[in-house]
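As written, the chain order gives the labels A, B, C and D, with residue 1 at the start of each chain.
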Amino acid sequence: MAGSTFGVSFRVTTAGESHGPANVVIVDGCPAGLPLSLDDLRPDLARRRPGQSRLVSQRAEPDDPEILSGVHEGLTTGAPIAVIVRNVDAKSRDYDDLAGLYRPGHADYTYDAKYGHRDPRGGGRASARETVSRVVAGAIAKKLIARSGVRVLGWVAQVGEVVASIPDKTAVTLEEVEASPTRCPDAIAAEKMTALVEQVRKEQDSVGGVCEIVALGVPVGLGEPVFDKLKADLAKALFSIPAVMGVEIGSGFRAASMRGSEHDDVFLPGDPRALRTETNHHGGTLGGISSGMPLLLRVAIKPTSTIPRELRTVTRDGEPTTVRSRGRHDPCIALRFPPIGEAMVAIVIADHVLRAMASPAFRAIE
Amino acid sequence: MAGSTFGVSFRVTTAGESHGPANVVIVDGCPAGLPLSLDDLRPDLARRRPGQSRLVSQRAEPDDPEILSGVHEGLTTGAPIAVIVRNVDAKSRDYDDLAGLYRPGHADYTYDAKYGHRDPRGGGRASARETVSRVVAGAIAKKLIARSGVRVLGWVAQVGEVVASIPDKTAVTLEEVEASPTRCPDAIAAEKMTALVEQVRKEQDSVGGVCEIVALGVPVGLGEPVFDKLKADLAKALFSIPAVMGVEIGSGFRAASMRGSEHDDVFLPGDPRALRTETNHHGGTLGGISSGMPLLLRVAIKPTSTIPRELRTVTRDGEPTTVRSRGRHDPCIALRFPPIGEAMVAIVIADHVLRAMASPAFRAIE
Amino acid sequence: MAGSTFGVSFRVTTAGESHGPANVVIVDGCPAGLPLSLDDLRPDLARRRPGQSRLVSQRAEPDDPEILSGVHEGLTTGAPIAVIVRNVDAKSRDYDDLAGLYRPGHADYTYDAKYGHRDPRGGGRASARETVSRVVAGAIAKKLIARSGVRVLGWVAQVGEVVASIPDKTAVTLEEVEASPTRCPDAIAAEKMTALVEQVRKEQDSVGGVCEIVALGVPVGLGEPVFDKLKADLAKALFSIPAVMGVEIGSGFRAASMRGSEHDDVFLPGDPRALRTETNHHGGTLGGISSGMPLLLRVAIKPTSTIPRELRTVTRDGEPTTVRSRGRHDPCIALRFPPIGEAMVAIVIADHVLRAMASPAFRAIE
Amino acid sequence: MAGSTFGVSFRVTTAGESHGPANVVIVDGCPAGLPLSLDDLRPDLARRRPGQSRLVSQRAEPDDPEILSGVHEGLTTGAPIAVIVRNVDAKSRDYDDLAGLYRPGHADYTYDAKYGHRDPRGGGRASARETVSRVVAGAIAKKLIARSGVRVLGWVAQVGEVVASIPDKTAVTLEEVEASPTRCPDAIAAEKMTALVEQVRKEQDSVGGVCEIVALGVPVGLGEPVFDKLKADLAKALFSIPAVMGVEIGSGFRAASMRGSEHDDVFLPGDPRALRTETNHHGGTLGGISSGMPLLLRVAIKPTSTIPRELRTVTRDGEPTTVRSRGRHDPCIALRFPPIGEAMVAIVIADHVLRAMASPAFRAIE
């Protein structure tokens, strides 16, 4: 049943397969009067796009968006914004010999079981190609929440065994992130990551990683108690992205071995409408509601499932066979994650900013 | 805006505060004809209840549920099932002196900012008391999915530095879990955990932990592509529980340092409608859709924020003050997590079983 | 699948059957800080209650509400508000001999087909008894929208052939409506209606009617384009009430024989933020968005299906039989409709007021 | 806030303005394996299209749809189906002089109040141009429910004072409907309607009408109790269409003057899984759930608001002015209603067929 819509008040609906004619996204609920043009969409699309360095897939997609509705004379009208991005370099023939078998680590088997037939071309709807729609919606969300002073930035913090050292997560800049094709702002770690990814590619293998995403300037009061906590919607948003295996907020799994006396973040005296805490183990939400402190998120990303080796697997009849993928793939999908993760975080924040506006108290603070 | 409803087809709505008259839950969408009585609700309520051992809070709540609708002559009717659990031992006076300040690690500040005023009694809606409603709904969900052969079980895998050793996560039994008040099925670790929790309590401190939850017998084909992936809804469900700081599925954060050749789970030859994989790094979903392999989830839980020490904090005016909590609290909230986490996992599975029924192919497999 | 929730931002979920222990309603999304007590709920419950005059059913329900959550020291907290109303005078034995057959005009057959078994006691969930929950939620909604100056009032405009004459629908008062048990503000028509209902009762029959509902003070800008138009949500809300067969807004079916030159409501010069139209054929929405003019709604209500006569029907096996109902019923259900219809209209307006707050332009106008 | 999505399980999201680049629709939830091609979309698009006879608007749109996703080798895949229809003949210059004033009967004022600025070109999102997306989604829904034997047909039953005589509403054929540009299957009435519409056009006026829509073969058991009754969702669907002022099911407003003894539809002995009633005053739903009898709906449509006369109105500053529309418009919009109304009815039935599949009892009947 319908699972292609995300959000309540800033509502994103997507359609499109890896090898179909186009990816389509409708953003419903964006307020009127926001300046919006293709130039707002292109930078993050460019960051997400394959073929940018030899570290990533060589599929060559221009990823040229077209806005079909919701914008008039450079301003959003309040009507739903539809954007399409056509697929150009879809080499379906790469996938012809996969139709009769199930690739390990992929959705081939589960889609087949669910739908009774499947689109074998490049993973169809399960392909990471659909994230192009998320990035478009995320660019709109970023523009919207920037008005409230919110800024979202993500980077690669780990590739395989290489772990970056980032002393102050709130001080990282986009320039530092984009300085290396690894998107790791720690230049020394970035170099090691580059070497590791190249080595892994030569070994016809792939490797996992960790991405960190930080949101600064988040107003206090976002998120709804109980089920629609901000941290819950963020976790869903990030786990909905292909290849994500884990999500942490604030102290994350380190909290398990901490004491309360150490973990409790002490409030500092100050403006009662904009309190700060001395530390930020909570990661920006208390009771699931944003505290005004930076949102600190970490995401674990599995190694790309497709590797250009011969792998054991089974046919659609359950008989043993082998498979060797020929499609163009990334040796470390984590490197392309930051703009996608940022997009989902921005969408969640935009949704909750609009949701919070129904609360008179929230608006007073604003 | 409204955030007290969870699920699409198996839809759970809750209400109730820690120190109000009662907690209320309405489960809408449960099919007709399911045998259901109070005896189905009581065991998990008993597991969740405070006051069961000296390791947990001494608040004495009978947690007696009353079914107000949706059941006729021992069978569900298809109408919404309403259940209330009255609060009995709510000692609001314990909270009188907290009204003018913000406790560290709690939702006091964020609720105040959001709503302009707050219910200071025991955390109000932000208190873990609301999880009694989740456990009721979860018990109904468990009963429903048991018909499809699904079984959900959770346990404590880590407390502070003490890490359990559980060689086969699919073989743990409820008896093993409940054998110790720590809910750790590794008897040796359980003993160390007990000692640690007692020590922490003596030190007027608290400690975090990790809970693992496994679902066996999950049919292949649950979850919807893109946003409503099974893993995404599970992550949201678990992150919506108070104190949760991280969630992993399958390999989780270990995936970051793995190679694709190691992580890819090879399909074993066999019945094409019930394939198995040799390993289970994917943790039970592929492309976000259940694979039929066990669902493997891990949850990081922070140390209880309330500790019976004097802590620095601020008043509602942002002035420095100190606070010493007198309410009855758990030194390690993780010990009480398993029935709550199980409930949320069962609710998600029940929801997706009903959602999947709209797919003719899914039903064929059934 | 789950159909017991109404609204997006002001979200009402109900449970409860005619002859179960209680009716339950959870209102989620009501802003914090609204004064609310049982005294706000009782007047409309009293208006809806059976047994008030010999014109209506003699079932004697005290309809005493209990607030279980969401209110602290007389103010809403922003948390969901749960209210229960226990059933007291449920005479299930009246229904014992109905279990094996299908009553004409009732939901017996359709529920049986849908759920495979049904609760024969007084219609179960299909009984108008569930409207007690709507009236509770409606009373909260009325209180909320009164802050924005909105007032909702309904009355009986037709019973059988007797049609009231109400020259100015915006000038009717609650006192005029409640002056007669028919709830018709035209005293002469009210007398004829009384006579007609008594005659129909003597004839062991029932009769239909029309109810009119007007909302004054509705701010301009409520409703969302395309599917969630204000008129669309109002129509759904009213058609969701048992026995409703038709809904009109403004000119309604009279529009079919009108010319555009006559129907177009001319704007009058004035404050551009509070324009008025010379006439109000549009009935308060233009493009589905509220215009600031009075909302004018008309609802057709069928004659009560249960009449105390022997009627031909069939058994659950499709064999011919007869049925004579003994339950206590209304000869003209339309007389009890106004508080229920008002409640649903108020809920829709409350929902759209909160939804509109996400639009900065709307708030400016406010 | 987001109002461009309709349906729960068969979920339709639209975007697009009258004079923007294109209309876009995403249908999410359509099961896999349904044969679908452009040829399934074209016939209803052709029926809806302007410029087909001199009775309707002369805007010349080819209405050529393009399917961008969700279909592979002629079959739906289970993924969302995106379709775009480009606007070609949008003459925005016709609207240039309308930017500073509010047309009577239009959404100009309400949109301006809601969004703070508006797209003056042809009504933007409020234009009936958006119904092209409804017709596309409706064509997919029709194809889906045809598998269950459901057929939906609408026609014009009244134009101004001319009322058609249709003795058996369940026997009307598409050929009879499309035999006249009035879409009235009563040939004698159709001729009078033609004359009336031509006269009205000459008088630079417009006229209202009534459309009837019938659905045959609807399975028993569709609709959810209380709020999501089938009749409630149908009413919302129809009232969401521009120009609709009233909706009736079955006896509609005639029920007001009927007696219960006359209105109650007696069940006829027969197969207990497919009962019929002697009469069909209920119009196909009992307790809001489909009874298996034909769904009988009537819709009142106002006269087109735009008439080519000089009309009094006000400027955006509330000052008096006059307006004379030059856009191409229909003298009787009701004539173009049938394919649009059918589409919405088909979408509601498709949605509830999928929703009902979550009920094991419903499937047993299937």
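By definition in this document, a residue touches a chain if its C-beta (ideal position, glycine included) is under 8 Å from a C-beta of that chain, and two chains touch if they have at least 3 such contacts.
Since the structure is predicted, the reported quantities are computational estimates derived from the model, not experimental observations.
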Which of B-D and B-C has more C-beta pairs touching across its chains: B-C
Centroid spacing, where centroids are CA-atom means, of chain C and chain D in whole angstrom: 26
Intercentroid distance (Cα basis), chain D paired with chain B, Å: 45
Intercentroid distance (Cα basis), chain C paired with chain B, Å: 38
Touching two or more other chains - residue numbers and ranges from chain C: 1-5, 8-9, 14, 29, 32-33, 78-79, 111, 114-117, 125, 225, 354-355, 358-361
Chain contact graph, described as a line, ring, star, complete graph or other shape: complete
Contact set on chain D toward chain C in their complex: 1-6, 8-9, 14, 102, 104-107, 109-111, 113-117, 123, 125-126, 130, 158-161, 200, 205-210, 220-221, 223-229, 231-240, 242, 244-273, 275, 277, 281-283, 285-292, 300-307, 309, 311-320, 334, 355-356, 358-362, 364-365
Chain C-facing residues of chain B, complex: 1-5, 7-11, 13-17, 20-24, 26, 28-29, 32-33, 66-70, 72, 75, 77-82, 84, 111, 114-119, 121, 124-125, 354
Residues on chain A engaged by chain C in the complex (per definition of touch): 8-9, 29, 31-33, 78-79, 225, 354-355, 357-361, 363
